[in-house]
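Presented below are the structures under discussion, each in the form of C-alpha cells.
Shared chain: chain A. Partners: chain B in the first complex, chain C in the second.
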Partner chain A sequence: MSPELTNHPLIRADGSATHTTSLFTILAAVNGPIEVQRRDELPEEAAIEVNIRPCAGIGGPRERWLESVLAALLKSVLLVHAHPRTLMQVTLQVLKEPSSGVRVRRRLGDVAVLPALVNAAFAACVDAGLPLGRTVVAGLAVVREDGDGVVVDPDEKALAGCRSVHAMGFDAQGELLLNESGGQFELRQWQDVFEVLKTTAAVAIAPTGEDEAMMNGDGTPAPWLRQALEGNAREAGAWRGVG
Partner chain B sequence: MASTIFLPGEQVPSEVLPRSKKGTLTLGPGLRHIPPATVLATTLGSLHIDHKKAALWLEHENGRYQPAVGDLVIAQIHHSSVDTWHCSLTPHTSLALLNQLAFESASRKNRPNLKSGDLVYARVSRCSKWDDVEIEGFNSATGKAEGMGPLKGGMAFGISPAFARRLMMGTGKDGLAKGGVVVLDEVGEKVKFEVAVGRNGRVWVDSGSVKTTITVGRLLQSADEEKWDVERQRKEVKKALRDV
Partner chain C sequence: MPREQEPSTNEHDFVLSALQENLRLDSRPFQQFRPISLAFGDEYGVADVRIGKTRVLAKVSCEVTAPYTDRKFDGIFTISTELSPMGSPAFEVGRQDQTELLLSRLLEKAIRRSGALDTESLCIIAGAKCFHLRADLHVLDHDGNLVDASCLALIAALLHFRRPDVEVRGEEVTVFSIREREPVRLTIQHLPFCVTFSYYNTSSTTSAEPGIFLQDATLLEEQCRDGEIVISMNRFGEVCQIAKYGGTPVDGLSLLTCTNAALETAKRFDKLVKEKLAEDEKVKDRGGLMAELSAENERPMEPPPG
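Up next is the complex of A and B:
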C-alpha cells in the first residue's frame, strides 16, 4: 500500500495534514509563527514545540522521546532564523496504530511510528506555509528474523516477526536527517537498509517526467510525496483557471 | 499560465529568472537568495514571474498572515496604553501598535475614542522580524484617510488570507474580477452594503439590517471554505438573496 496524504483537514489550524501508511494514521496540525512564552523564547530563532498524543491515553516518556527526536529533525528542516522570538507549534495525533493483537516489542514499536510522524509533520508544515530549507521524506524498514532480507514499509505481520526496525529520513539531496533503529542488527545489515531506504526516499520525491504513464506502467513506484504536494499546489491555484 | 510547482528546498533554474535592464531581481514570498546566484524555494507553491518588474514569487494558499508594509488590515483593539493602542491582527501573535494620533485630522484634543474590541481599518506602516508591527489609520504621506479609520457597526468575519488577497485584487481591464470572486459584485447589484477586506484574513460587512450583513458574510466564508467557482458563486448568491 502506498502512503496517502490528505491536505488541510482542519480549517482552524494554520496548517494540517493526515498521513496514512500501512501501519499508522497520523493527524498533524501546525500553528505558527505565534507568540512564545518568555521562558521558551530564543533571541535568534524560532522555538519548536512538538506535542504527540498517542492513540489512547495520555502521553508518557515514550511520547516525550518521540517529541525530542522530531523537534531536532524539524529544526534542521524549518528555517528557524526567519522568525526569531516566535513559536512553531506542531501537534500530532495518532489515529490508528497496529492492532493490539499483534505483539510488537516496545522499542521496535517506538521506532516504527517515527517515519509516519515525520512525514505528517512535514506535510503540515508545508501546508502552514512555514519557511522550509528542504524537503524531507522518512521511510521505515525491518530486517527479517533470519537476518537477511529487508522489508520496506512493512505490514503488521512483518513488524511483529522482525529482528530489527530502522527509521530513516532523507532530503532531496539524499542527506541523512533521521536515523533511529531498534532491535539486534549488524553494521552490514544497517548498510543494506540505508541503501534501500535512500532509494525509496529518492523515488518518493523524484521529479515527474513527461513519460509518467510509461514509468508507472512498468511497475516503478510512483513519487507519492511529490504527486500529493503538487496536487495540493495545483488545487490552490485552480481559481486562476476560471477567473 | 503554465506554472511550475516547486517543493521546499528546490532550486529555481537560472534560465527562468527574468532579466531586467538594471540587472536587479526582486524576490517575493516563498523564495530565498543564497549568494552568489542561487534562488531556492522555501515553501510549496507555483512560481509566478513578472517580467516587467523583474520579480518572481511562489504562491501558496494556506498559512498564517505575515504582515508586510503597505498591507491593509482589519485590526482589533486589545488594550490602550499612554498614546498607543495595542491591536491584534491574528490570534496568538504579539500585538501590533497603533498610534492614537495616526488618524486623519487627529490631534491631542480630537482623537477617535476606541475601546477594547473595536475594529480599525488600517495600513501596516512598519514591520520587521525583530520589532513590533506598527499600523496607522491614515496615509501618513498625504495625511488623508483613504478609506481607513475606525469601523463602526457591522460585523467582522474570518476568511483565509489567500481568499482575502483574491478579494482585494480588483477588476481587470475586461471588467472581470481578477481574483475570481464575484460574490460582492453580485450581491451589490441587489442590496446595499459596505465592506472592508483586511489582508490578515478578516472581512468586515455592514448594511441596513443584521440579516443582510450575516448573509453576505456567510456567503464569503462558504465561498472560501468550499472553493466555489464563479458559476457556483452566482447560483448561491441568487439563492441567498431570495430570503433577504
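Up next is the complex of A and C:
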C-alpha cells in the first residue's frame, strides 16, 4: 500500500496534513511562526517545539524521545534563521496505530512510528508555508527474522516477526537526515537497508513526467510525496487561475 | 504561548448589536446548531464529531488492572481531556487552562457521575481484577462549543466501543483478543448529552426583558458572551446537571425555557447517534454473521414477579 497524504484537514491550524501508512495514521498540525515564550526564545533563530500525542493515554518518555529526534530533524529542514525569536509549533496526533493484538517489541515499535511522523510533520510544514531548506522523505524497513530479506513499508505481521527495524530520512539529493534503528543487525544488513530505503525515498519525490497516468498502471511505485505536494501547490494557486 | 486573540471592541459591539436585532453572524436562528457530522473509526471506540468548524475525536480503550481497594466491585473509568495546540495555539502543553478544567469537570459530572456507564459490569474478579476504561478526547479544531461536541463524541465512542471478552475459571482469567472472540459491548444505562447556552445580558436596568440565549455559539460568540449555562440531560428529559458560569444573574424562568430547549436538542443528538451507529454496524456486519459471532449472553428484561 502506498502512503497517503491529505492536505489541510484542519481549519484552525496554519498548516496540517494527515498521513496514512500501512501501520499508522498521523495527523500533523503546524502553527508558526508565532510568539515564543521568553524562556524558549532564541536570539538568532526560530525555536522548534514538537508535541506528540499518543492515540490513547498521555505521553511519556517514549513521546519525549520521539519529539527530540523530530525536533533535531526539523531544525535541519526548516530555515530557522529566517524567523529569529519566533516559534514553530508542530503537533502530531497519532490517530491509528497497530492493533494491540499484535505484540511488537518496545524499541521496535518506537522506531517504526518515526517515518510516519516525519512525513506528516513535513507535509504540514509545507502546508503552513514555512520556509524550508530542503525536502525530506522518511521510509521504514524491517529485516526479516532469517537475517536477510528487507521489507519496505512493512505491515503489522512483518513488523511483529522481524529482527530489526530501520527508519531513515533522506533529502532530495539523497543525503541521510535521519537514521534510527532498533533490534539486532550487522553493518552489512544496515547497508542493504540503506540502499533500499534510499531508492524508495528517491522514487517518492521523483519528477513526474508527461506520462504520469501510465506510470501508476504497471506496478512501479508512484512518486506519492511529489504528487501530494504538487497537488497542494496547484490548489493553493487555484484562486488565481494558475495551472 | 500566544493568548487566544480577543475580538476588537468594534467586533464585540457588532456581534452584540446584531444579536439585539435577532441576527447571528452566520444567520442561524438562535437555537439552531451548525451542521453536525459524526463518523466512526475502523476500530471500535473511535468517534469523530464535527460541529461546524469544531472537531473533536474521542477514543476509548481499556486494559486489565486491579480495582481501587475501596471500590472492589467497580471497574475504573477515567476521562482524559488534554487540550493540545492543534485545536488552538492558545492551548499550552502540560498546563491546564480554564477551558480544559471546565471541560473535564463538566464531562465528569455529566457522564461519569450520572452513572451513564455501569462500572460494575467492568469488574472481572471482585477486589482483584477489573477493566480500566479510559476515554481520551482530542480537540482537533476549536471553534466554540467544545463541551457539546466533546460530550457527543464521548457518548458515541462509548456506544461504539467493545471490550474484549473474558472468561473466569476460579482465580484464572483469560482475556480473549478480538480475533479469538467477538468483543462485548459496554453496559450504558442512559445517554446524557450536554447542551450549552450562551447568555447575553441585553436587558437595561429599567426593563425586565430576559437576555438572549444562543445554542451552539461559535468561538467569537463565546468570547462576547456574559455567561453560559450547560445543561446535561438524556432524551427522557432527566436532567443530570446544570452548571452556570459567568457573573451575570439569570432569572429562573429563562432557565426553565432553556431546559425545554435542551430536551429538544438532546433528543436530536440521541437520534443522530443511534442512526449513525446503526449505519456503522451495517457496514461492519458484512455477510450478516455478526449475530452468530456474539458470545454475549442474552439477558431478556423480565418484569419483576408479583
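By our rule, the second predicted complex is superposed on the first by the 237 of 243 C-alpha atoms of A that agree within 3 Å, B and C clash if a C-alpha of one lies under 4 Å from a C-alpha of the other, contacts with A are read in each partner's own complex, and residues count from 1 in each chain.
Keep this in mind: a residue touches a chain if its C-beta (ideal position, glycine included) is under 8 Å from a C-beta of that chain, and two chains touch if they have at least 3 such contacts.
None of the values given here were measured: they were computed from a predicted structure.
By the touch criterion defined above, A:I11 reaches both chain B and chain C.
Applying the stated contact rule after C-alpha superposition, one finds that A:E67 touches neither chain B nor chain C.
By the touch criterion defined above, A:C55 reaches chain C but does not reach chain B. In the superposition on chain A, A:N31 contacts both chain B and chain C.
By the document's definition of touching, of the two partners only chain B reaches A:L229; chain C does not. After superposition on the shared chain, chain A has more residues touched by B, the comparison being chain B against chain C.
Shared-chain residue A:L132: touches chain B; no touch with chain C. In the superposition on chain A, A:H83 makes contact with chain B only, while chain C stays out of contact range. Shared contact residues of chain A, touching chain B in one structure and chain C in the other: 11, 31, 34-35. Of all the residues in chain A, the ones that touch chain B in their complex are 8, 11, 14-15, 31-35, 79, 82-84, 86, 126-135, 171-172, 205, 226, 229-230, 232-240, 242-243. Those residues of chain A that touch chain C in the complex are listed here as 10-13, 27, 29, 31, 34-35, 37, 51, 53, 55-58, 89, 91, 93, 95-96, 99-101.
On the side of chain C, the complex with chain A involves touching residues 1-2, 41-43, 53, 55, 57, 59, 61, 80, 82, 84-89, 93, 134, 136, 138, 140-143, 177-179.
Within the complex formed with chain A, the chain B residues making contact are 1, 3, 5, 7-10, 30, 32, 40, 42-46, 59-64, 92-94, 129-130, 162, 166, 176-181, 225, 227, 229-230.
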